[in-house]
């Protein structure tokens, strides 16, 4: 049994990690912590009452390193980069769910996260934990930077077309809609029931910090600079992301060909389902699972491809993908604990 | 035109007061304030953008008294009692939506609100603003204490049976369910979308501060002490209260007789609708209105009466009733601005 | 008092028409009908209990024509075109909320609505009821075809840029999200709470029957053919539409200039609010009102304009706009009964 | 591996059974059917896409009996009683989730379900599948009648007090609130999003068909007739039941004693959690689990006990409990596939 530590147990992704890892047959959660909440699991997450005797304490690097072999960091950005260096030095493997190690450049970090990066030394060490793209690197990684929820859906929705028709891409607009848990578990008026329920809005229009992650990996795949236009929205649901992606092409495509392309591309992937032509993805199909579902449509002109993809933002978009990465790092079956 | 001031414009009931009073044909809102938010109405309540040029400032008693004749206090309890004395001295009429003047005894206030009352002198002056019970007193009042949302529904649901069969009442249990706006507009984790949505729970079981209000006025009507058992719950909806009231009786009753009793009791009331026998109240029927809907059922034994009543907690349960009280105090048609 | 008839009172837009017209100071609802539901208003819409003594019957053209001067048709498409000819012959004014008279060509109707048009003769007579575009024609119209909910938001969001920069428009993608009431009041599994709640999906991708309406009027304004790419989604809320519109331009624009353009364009309009730069529209701001709110953003490249617009689909997107049209047709103040 | 058949796969409890049984380590689902829907699992339940190759067909008793050893019937009442006799004759074990075998008397069935019972012969054979009460009988049963969702919560909430203080019980009122999935997956206006969302109402007041089940088993335990007053309500959530139970007592009790009583009573139970005194149950704590959570409160008079209990109506209230029963019947660990 691999021994697991989770930092940030009181947030939504930390809680989801705990819930899933408690059932994972090949690991044992041996350390949990959170900064503002201490006490037994049942007090922090009453739905787990009776399922774990673990007690949550303030984060202590020595305790953590003594008790666990792999550390999941489910903490806000800016916190991960203060914890990670010591854990790496102590020889621990780290899977970071924050944004701290997603951008390889400290300058880009400052541009998008509005603060200096405190651990530039380890930025290059971090492997971007999107298994469908970087599986081989993840196997050998000591530090995995788990992708953002929006980029996970965006990249999975775009990889096949980018790979196959790089030259024809004229523009990409991503209209993303996320459930509330994506914003974390916080006491703010903006996330109160009265402001979210029966409401809907765009936010950080063309200005969201997940944008450069998408650009970066699309550009790598395309081997040329790609910039997407990204507009996120807040859905009045708890979990789930659906992205509607508008890919304008210089040449014509047919739905049939594109559908074949996507099916072949993901043929061997466990967690990407390309739906039958004509069927549309729904949040309901993926929430509670680690799947990314993808639907495709092509305009009559043949020059617009509309990709819709859906994931559970806390699973494939965060904790599920983190466990998938752990499975890969540990040589477990990639679906272990996730189906 | 009567000149109106509203204190506490940024909360749900303050906002609702403003929205409704802007359309009231016989009054003009001339003063608005809030403690933590300043600026034009459109900034605080963007849905009112274009409908009012008023600017919200920090509360200032002299400004308020200069600009307005009737003051609505839509502030948290403990705040009203610090504002009210001066306004009364300045000759203003005050309609207080908080709990500060609902209990005539300072000791009871301390018991239920866990703090000393700061304005005991005016407690006796306050008229309890339930028009269906105290209309004549409201006409002459300088200080109206607007009833709590739960007591409004409870009292309207119980007045007829208490009046008619005082002697037979063995026990009363009130199972109340309220939408989230009843808790106010606050940045707390407990009221965040993630904790309320798809959830449901009881709170302050047998221990809610609205209980003594209900007991007090039922006892007055019955001319003997009555104590209800009151259990509130939090519904995952924005607005509305539905109460299911279990009245155990020592003698037998029939649905027909009880239905007649209720219909007669409320025959001349504008805002109480006793539904046809067999029809059940729903939040949908009352939310957005100042109505209280009432349904009735009797057990086969004839010794249990189940009253269900529904109101919009922000209208008949707060701002609507406050306007109804204002209409009565000013000699306007009681339904003015409320249909 | 102008006498009003409403056909299709049991649907969401018929109900909303009734609710609003009952409060309109210059008209009197004198006739209501619905095909599958008969009986007093309070039985069909219990929230209107006590507000109207009208009784709903099966539609009868003679009765309707005798009792009312202006007829609102809030019926499904294919029904309006069987009712309208007779009403027009009887000299009545008709405001049709269905899709039957929105496309001037019978062939286009067949293409998009999959059935033959039964009243081609009156197609040319119909004035498209978007006051901001065709106010003068509406004044003189006998038959007003009320715009679809999606096209209302799309057109209001696009008119200024289309008018000002026709030549620069390269492509337009409209990502639209609608509340459930847009689909009507129906007993279908797809609209059941269990399938909609906590869910989200696209539907009729690039294939919705509202698309040609948008193309038609944009092309008229641009005086050249414009085709938008339109993808609607179903939001888990009752009311409201928010559209995120991606306008790709061949030349560069600045947010400042675009914002000025929009503000000037709608300066004299009562029901279009261009929000301050940086502020984003929300459903909450418009639901329950007849307003269309518009926000603007421009990409760093200056070649992508993102317009977000929000309306209440049942008000500005249906019944509210129908009443606005009635006000114009009758020479009333355009905002009468709508603020 | 025990071979499992599920009849009624397209409903909410049939779907949930399939989802859970596919992951159960000791059984294999070998037969699925539904009456109105045929085709592969992924078409009926897209979230299970990729997890099962099963194909759903119309129910055929011979096929079913050939392929499976234990049959789950997740069909509406009146259907089970036409299927069950043959399956029993063929030697199959049957777990029926409908109401058909819950009442041992055919007359009671007619009274509450308004139709004649078609299989009175097997009524006596059926064991009521509440493990906490009838575990020993379930072990030996060929036909298990899975309890109703409401009775499961009500009985678990009342068993300890009924057992311990039978003589003191004066009256019991159960105020029950259920999510929408309790009503099944149906195309009706009453269950449409537009009628349920942001709404709340009581229904079948004092008249619900689950009432006699509760009375029956409480009376058995008490060894004297007990009749509860039962009022169900419809919550605007998908899953979950919370019941607030008012137990009036002739003698006084203390919270401490009652809390001890409940904790001891359920000490060895896997799926009943008595929360700490002062803590209140919430739907969130139990939805997605097979737990029943219980909280307790006592009035100041000591003569009213308020029990609140919460379950997931589709799990402990239906499919989870059915699997728990299967585990018991098969000699598996009782929690297998359920934690």
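Details
Letters A, B, C and D mark the chains in the order given here, with residues in each chain numbered from 1 onward.
Everything that follows uses one rule, which is that contacts are C-beta pairs under 8 Å (C-beta built on N, C-alpha and C of every residue); 3 or more make two chains touch, one makes a residue touch a chain.
Every value quoted in this text rests on a predicted model; they were computed, and no experiment measured them.
Taking B-D and B-C together, the chain pair joined by more C-beta contacts is B-D.
In this assembly, the chain whose C-alpha centre lies farthest from subunit C is D.
In terms of their C-alpha centroids, the spacing between subunit C and subunit D amounts to 46 Å.
Per-chain CA centroids place subunit B at a distance of 39 Å from subunit D. The mean-CA centres of subunit B and subunit C are about 37 angstrom from one another, to the nearest whole unit.
Contact with two or more other chains is made by residues 195, 198, 236-238, 282, 284, 287 of subunit D. The touching residues of subunit A, when paired with subunit D in their complex, are 23, 46-47, 49-51, 198, 273, 275, 279, 282, 284-289, 291, 293, 339. If you check the complex, the residues on subunit D that touch subunit C are 12, 180-181, 185-189, 191-198, 236-238. Of all residues in subunit A, only 171, 173, 175, 177, 195, 198-203, 205-206, 227, 229, 231, 233, 235-240, 242, 244, 246, 248, 280-284, 287, 295, 297-301, 304, 306, 308 touch subunit C in the complex they form.
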